[in-house]
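So, here's a batch of structures to check.
Next come two complexes, and both contain chain A; in the first it sits with chain B, in the second with chain C.
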Partner chain A sequence: MNELPRKTQGLGDEALAMARPKYVGKAVQRLEDPRLLTGAGRYVADIRLDRMVHAAFLRSDQAHARISAMDCDAARAMPGVIGVFTAEDFADIPVISAPSRMRDYRATKCTVLAADKVRYVGEPVAVVIARDRYIAEDALALIEVDWEPLDVAADAESAAHSNAPLLHEELGTNILFERVFETGSADDEMAAAPHRVSGRFRIHRKTPLAIEPRSYVAEPDRANDGLTLHGSTQVPGIIRDILSGLLDLPGNRIRVVAPDVGGGFGGKGSLYPEEIAVCALARKLARPVKWVSDRSEDLCSTSQGFDETIEAELGFADDGTLIALKGQVTGDVGAYSIYPWTAALEPVQVVSFLPGPYRIPHYRGEVKGVATPKPPTGPYRGVGRPASVFVTERLIDMAAAHLGIDPAEMRRRNLVSETEFPYRIGSGIVWDRSGFAECLDEACSRVGYEGLRRLQQEARAAGRWFGIGIATYAELTGIGSRISVAPGMPINTGTETASIRIDSTGAVTATFAVASHGQSLETTLAQIVAEELGVRPEDVRVVHGDSGATSHGTGTYASRSAVLGGGAAIVTSRVLRDKIRRVASHLLEAAAEDIETGDGRVFVTGTDKSMSFAEVAHAVYSDMKALPADAREILEASESFDPVTGTTTTATHIATVEIDPETFAVKIGRYLVAEDCGRMINPLVVDGQVHGGVAQGIGAALLEELSYDRTGQLLTGSLADYTVPTAVEVPHIDVVHLETELPGNPGGFRGMGEGGTIGAPAAIANAISDALSPLGVGVTELPVTPERLFRLVSEARNKTDTEK
Partner chain B sequence: MKPAPFEYVRAASVREAIALLDHDDAKIIAGGQSLVPMMNFRLAQPERIVDINAIAELSGIREDGSDIVIGSLVRHAEAMRSPLLARHFPVIAEAMHHVAHLAIRNRGTIGGSLVHADPSAEWPLLVALLDGEIVAEGPDGCRTVKADEFFVAPLVTEIDETEILVAVRFPKPAPGAGMAFDEVARRAGDFAVASAGALVSVEDGVMREVRVALGGVGDGPVRATAVEEELTGRVADKVSISDTVELACEGLEPETDIHASAEYRLSLVPVLVRRVLERAVLRAGAGAA
Partner chain C sequence: MSARVDITMTLNGEEIVETVEPRMLLSDFLRDRLGLTGTHVGCEHGVCGACTIRLNGVTARSCLTFAVQADGARIETVEHLGTVSSLGRIQQAFRKHHALQCGFCTPGFLMTVQEMLETLPLDTDEEIRDALSGNICRCTGYEHIVRAVRELADEREGAAA
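This part shows the complex of A and B:
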């Protein structure tokens, strides 16, 4: 920014063009950082309101049980307790159900608190409202529940059996959905293929684990018979809309505000029972009600991710050309189909993205989701793609090894090439032109791939287990209205609206329905508005995450906010800029088309005439002599943007690992990402998103797993047992950016917030498999812990011994 | 995750603390790194918390004749930086690098770690390895407990509820003894899946005193006496060590939990024992040829 000339009056056309701020693409320091880093941020837990009371939830310690009796009398009698509430106290709130037009989909019914039976450990069954949280938790210990335990089928395989105990009796089955995708004739072509590789892959259950757990304060507005929910949510618009119906309040009397939010990763992207409960109780008690999830609750009640078994087979020709792919995905989706995404979200995306960035003419993908007595699964950073990329990239490496072709070369031969875009993969997803091969080549060249292979030979000769793993993937981001993540969803995720106004002081406020919770949108959207309008980013106040400030909008998830929010920022800024130019043409006595803007000023090109935005605003709003009445255009614009389809983001990740052959500890050496996210708004932000995503992917690859035992009890109920990567476990990550060809949206942006998490599990799984290839074993289960490696290697060694 | 109600009292002396402990369900708090999480999970619900942080006599590391005495209030970080400990027991600083994270090392105390008696923790192993003695004071005065008697079961020690662990006493090792510590954990700072420490004295290329202690594979720290006996008098080289390390598994019955199976833990024992013995021999200046 510093290189921009400050003095702009009297510049000629060419100089003016140079003087136009160029903020998009610059490493602008985050505008939200001074606030967040000095403790001036305001999170839900920071909110303290007059007469506020505190909620604590009694959660089921049973995976599947009938509630035969509940005694809350002792809890109610405890000093400081304001009330104890059970399911019947919420009887007037409609049952929550996530609809879908998908054939063979069965919606579940969920009440705010479990009524007659519980379906997972952690399901809320009662809520205590007390003067403070300590008393509320003391009172929880006094509630007595008589459980009548029911049979438990704790995993998808056993729950899918026809004689398995049913979680939702009225459905007659635990299978919540089934779907098939087919292109070509995969069965025949697979049978006829000269070579085949196959595997049974498993990716275990994970939790999003935002640093700030879910938190809500419901604030009744008695004057207007309304309500404000301050919520740590990614989707304030979605929550406002559903609460309006559930609480029977029009949208102008219910407002959902996400203040500063400490991460979401998908876990704050759905509707939760606690959200409804605090709102209903705040209305009932006419007092603000606060609930801040503690870490234990977060681990057993926030929507969880992954948990799939994927049987997959790949058929290919002698030269490595891919012919056919088949996949059968079974999702262990938890106890309820989550609102609004449904339980189909994650497993269906696994099967949708399985063909990846490759040319595979014949595909058959089958998917089913099975209800199990565990917390509901929901969106988790990467949705479906971490699993599908893991499977496909493993199969590609297995095929390469089968033929003796280098894994990089195997990919090069099969990636969709420049001339083939737009390319429709077997599941129906259409890739627009993105740098598939370019990212692979750039990654190989930057990492020194040939040199790494030579290093590997030396390491192997010395008895070391050193491996190199590649993962190339594509994902669809910034999805518009023509593509629905789940058909028949009651919400529209395909559009975003921006409202930008210049007030009577000349200051710019840009309002969006997206909800930044770590994505730096206050900076990147300000950069875009600044660029388009002709002001500095720090002069733009970005308002977001407040349903009261917008008519419609869903929030921030699915790598959509840069494409959709950014697109809305551009189209809206352009309309507003035209207004400014028309007004200024009167004031500066020049044609509107000769007016330029920059640095918060308007100029007449080729002259020294200019004035500030503040002066323009003064003329419009305050100095009633300055303009004829019909030229006083209010300096506001509000426009919607719909990208209609999606845009393709691609990347290649390359990782090296070294495994200790005695302790099975895995150490990541090099880690490089070459990605094409189109035009970058801010490379600092892109790098940060890639780094964070890769860290989460490393968790999925090596460490993170929610373990449930056969009775449905959670074994990893604290962060001592649920192990997430720390700074020590995350290596230095090199990020290379490519801009192969810009997509056809106003900014040329592609979404990239999830990519790191998508590529890393596959790259690391391939690197470990590569390291272990002399032993003839490969990774099929994530996370690949030292324990799992120990077993894999022991089995391989026993087998070798037996063969001897 | 809020603790149940409790009474908090701060003691100014060991005698006062002992008097305050004469109460139903009283617990001592020092660094709070184990007790506070357990209270927040409501796994521990003491009625009274006796804070000993202000008791000066429990602090400090000092030399006492042929012993080094570490006060029970000494923090892990202080032990890690102590020149006196570095001179006599460099293995302590080496082990402290594996104790959790900086914030925990700055608060957590040696006494707390020992009375918590997690079989995977570093201090119990060090006490076993370095022939430490626990000094406990109760209503009837002071007593000294040896390592092999102190650790009774996981999270259970010989110390009585009315007593305070006041210090740990380590006899200085033979001059020139080599020591080493190593562990395998899921992540940096996690409790060990398995750990090992070694102390070796070498004279004329022959191992004279050999001590090997193991963590994470039993009810408490375990001395690998079979290895110790076998190696004493053997040539201090890699061959002697590798010939012997399998003996370390004798009699071990490690637990299976979500982080590691018994088989995996057991497989780590000879590996860790070999690594610490080889390093200890090197440090003893004999060279593991």
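This part shows the complex of A and C:
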């Protein structure tokens, strides 16, 4: 279809379009697939190096205890063991602390291995290095630790008390931060509002659960006294920068490479003690050190997410107009404030996004984060917004029910409308133009909302518990330099740079500091570069996830890579294309403005003169007679892109559920997402991201919960206990795209990697509440397991019986 | 240290003779001893299915199987399904429908799907979902995997693709 026209003479717009096809917006098949489908990918666990040794970590089985003695002699004496190391062996490495400019924030101090006391079950206390992993694990069993158990306040509420046992004595409190957001006069307006609904909401702790467990191989470079860390990380640039300081190595002697990475979802987006340990030990032992987490370690040592209690109240007028919103968020943040995001990331996002896509003039949001003896919390897909959208969307439905207004109509009356953008919500976040109402209307129309309501009436008449749930939300994606991704975090995450070069064979290589771990960036970024430069996507090699290839850049997280990486790809390709045109103007004896590129060739429009990229490259680099010296422009460009504030993405999710009255199992029927991520780079990839996000949201809503007992012991330490959705629990998902324009942004791309997880918990919670509304049952706690549903229904029935 | 055991197996059509510790997992044997790293290990307790291989034609969790249990067996792994330059039919369908993202669970899914296509009617999408439910994918939400299998099942029946 995209063959070159036989005659290029008189190349008009139409022929030019054929010669320079559009790749952005096309369902281009993924370039990374052939290797991943054939088992030819290279994940960290696949790496084998000469003289490589294996690490295994001894982890605390206590939630809060002093280490009074540790005996490693028997382990050291075991044949095949190369060494056993404890905190004192890492004494030369600075303490890890996550700084923030946020007021009323208290950073925690964390050492590579626990020094005098442990603060969660799973915290590493010793590391064995052995010839193979089997021996290393055998040796772990020979290490004896004498624990002196300390008092435990295992949940945020008890840990926040002034007399609670302190995890970090030097801080004098377990409260790591407190913050208030206020616009208008929420207290007065709430008191004066004609109607109010309120609730105490709870979302329980999750694990990101990438199927590839965290893995690291540290490879010393003895010749240069340097080090390469091969890591399953989303943020190689951030890890390189911090390791440079911790190990006292300049950036040109330390390289962090994320090869193929088997999913992240936020869990591979922070700095981990094991990462530092393998690097330090590889330098100490002068040989490669490998550590691959097993699943039980992963469940108790990878950053966790979503653990909040939210008390919220919504005030509104007779016609449903929203007046005031108040929210108090208490985050259970775990034992340490994680680097670089800090413990504030998740809870502050909850309170920041609570007003949602609605016009609410008065808002007061309070948030605090409380340290508890559990693994640190960090980013998990959606960060804060799955919780805030759950709360706000439940309140909207409760208000609608209170007034007898349809939930869709209630939203329609209050969504920020097209003429109001940019719109500043009560927490200070500014929504840019995005299809808020369009997504709601499209979702209702495509799902056949009125028809579903009629079906529901029939189901109810037959005594069935059938419900319909809507969730409408907005999110800030592709965040630029003006906003810190995490509150007060002194790291720039708002820019990305692309470096694109055409080598002496005419081949194109595009290098980015983003780090694809399933997002398809090797394809989508190649589509953009190909379209802008005038080559085919398969001719563009995308290099990513290698700190040695870039000067700066942080990685892939927070729905940023298509916006920032894509933006950088466009601006850089355009600079490079202009260079090609200037060079070719000499070679083809034409004005640069008359030169076009397409399908790997350079043309003079309106003539039959053309040459290949390879010929241009040969003239620049190899044939020193082809060009005057001052016209020999090296065919490379490197430009940065900064979306300044970021982009606003929106969607409406609609779900139907039916609840089995005997087993209380929830079966999802229809599931539809209408989303606006601006211009799509690759619709197949967008669909895949939405599907995957929704599946994780379904997990958050119905299944997934890291459960800790009162002594801080993890009760869900295997995948038999921590259950995630399989193909049976996830329904067929319909996705509808609205591509509203995004002025002032070169690609018009909005971020969309997390949205599925943001909308689904709320839509499902609303659908279940809708199904059970005849009983007066409303969901306030997620996941809403069959046991929780059974209790809710039993309580409602008992109450009804008592009232009789 | 326990005595070592000699084992022989037919792996992807090739005869293999090796000496292993009795406790060595088949997944570690394939990956670390033979360098066939296409078989991935996701949980080491038999739940996620990333390590799925075929043992005498039947899918098995290589993380719950000792290498010595495969003595005398016929083993197939993802490396047997196709190559980068010549993808097998299941691999082509997965690529066409974008049925993989990070690719870590994919080898296990491919081995499961191969067995499903050989042994199950797969008349409905519910049947496909049921048969896939022993493998966890955290990226795709399964929708595109179901579509790929649907196409393969229809094609097998000679139905219009």
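The working rule: the second predicted complex is superposed on the first by the 784 of 804 C-alpha atoms of A that agree within 3 Å, B and C clash if a C-alpha of one lies under 4 Å from a C-alpha of the other, contacts with A are read in each partner's own complex, and residues count from 1 in each chain.
Note that a contact is a pair of C-beta atoms (placed from the backbone, for glycine too) under 8 Å apart; a residue touches a chain by one contact, two chains touch by 3 or more.
Bear in mind that the values here come from a model prediction, so they are computed numbers and not experimental data.
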First (chain B), second (chain C), both or neither touched by A:R295: both
Which partner, chain B or chain C, touches more chain A residues: C
First, second, both or neither for A:L703, with chain B first and chain C second: first
Partner chain in contact with A:G756 - chain B first, chain C second, else both or neither: second
Partner chain in contact with A:Y134 - chain B first, chain C second, else both or neither: both
Which of chain B and chain C A:D687 touches, first, second, both or neither: second
First, second, both or neither for A:S158, with chain B first and chain C second: neither
Which of chain B and chain C A:S520 touches, first, second, both or neither: second
Partner chain in contact with A:E662 - chain B first, chain C second, else both or neither: first
First (chain B), second (chain C), both or neither touched by A:T607: neither
Doubly contacted residues of chain A, that is, touched by chain B and again by chain C: 134, 294-296, 718, 720, 726, 728
In the complex with chain A, residue positions of chain B that touch it: 1-5, 41-42, 184, 186-191, 193, 258-261, 263-264, 267-268, 271
Complex interface listing, chain A residues touching chain C: 27, 29-30, 32-43, 45-46, 48, 79, 134, 209-213, 260-263, 265, 292, 294-296, 517-520, 684-685, 687-688, 690-696, 718-720, 724, 726-728, 730, 732-733, 756
Parts of chain A lying in touch with chain B, wherever the complex brings them together: 133-134, 137-138, 141, 294-296, 662-665, 703, 707, 715-716, 718, 720-721, 723, 725-726, 728-729, 785-787, 790-791, 794
Chain A partner contacts - residues on chain C that touch it in the complex: 1, 21, 23-24, 31-32, 35-45, 47-48, 50, 77-79, 81-85, 87, 91, 94-98, 100-107, 110, 125, 128-130, 132-146
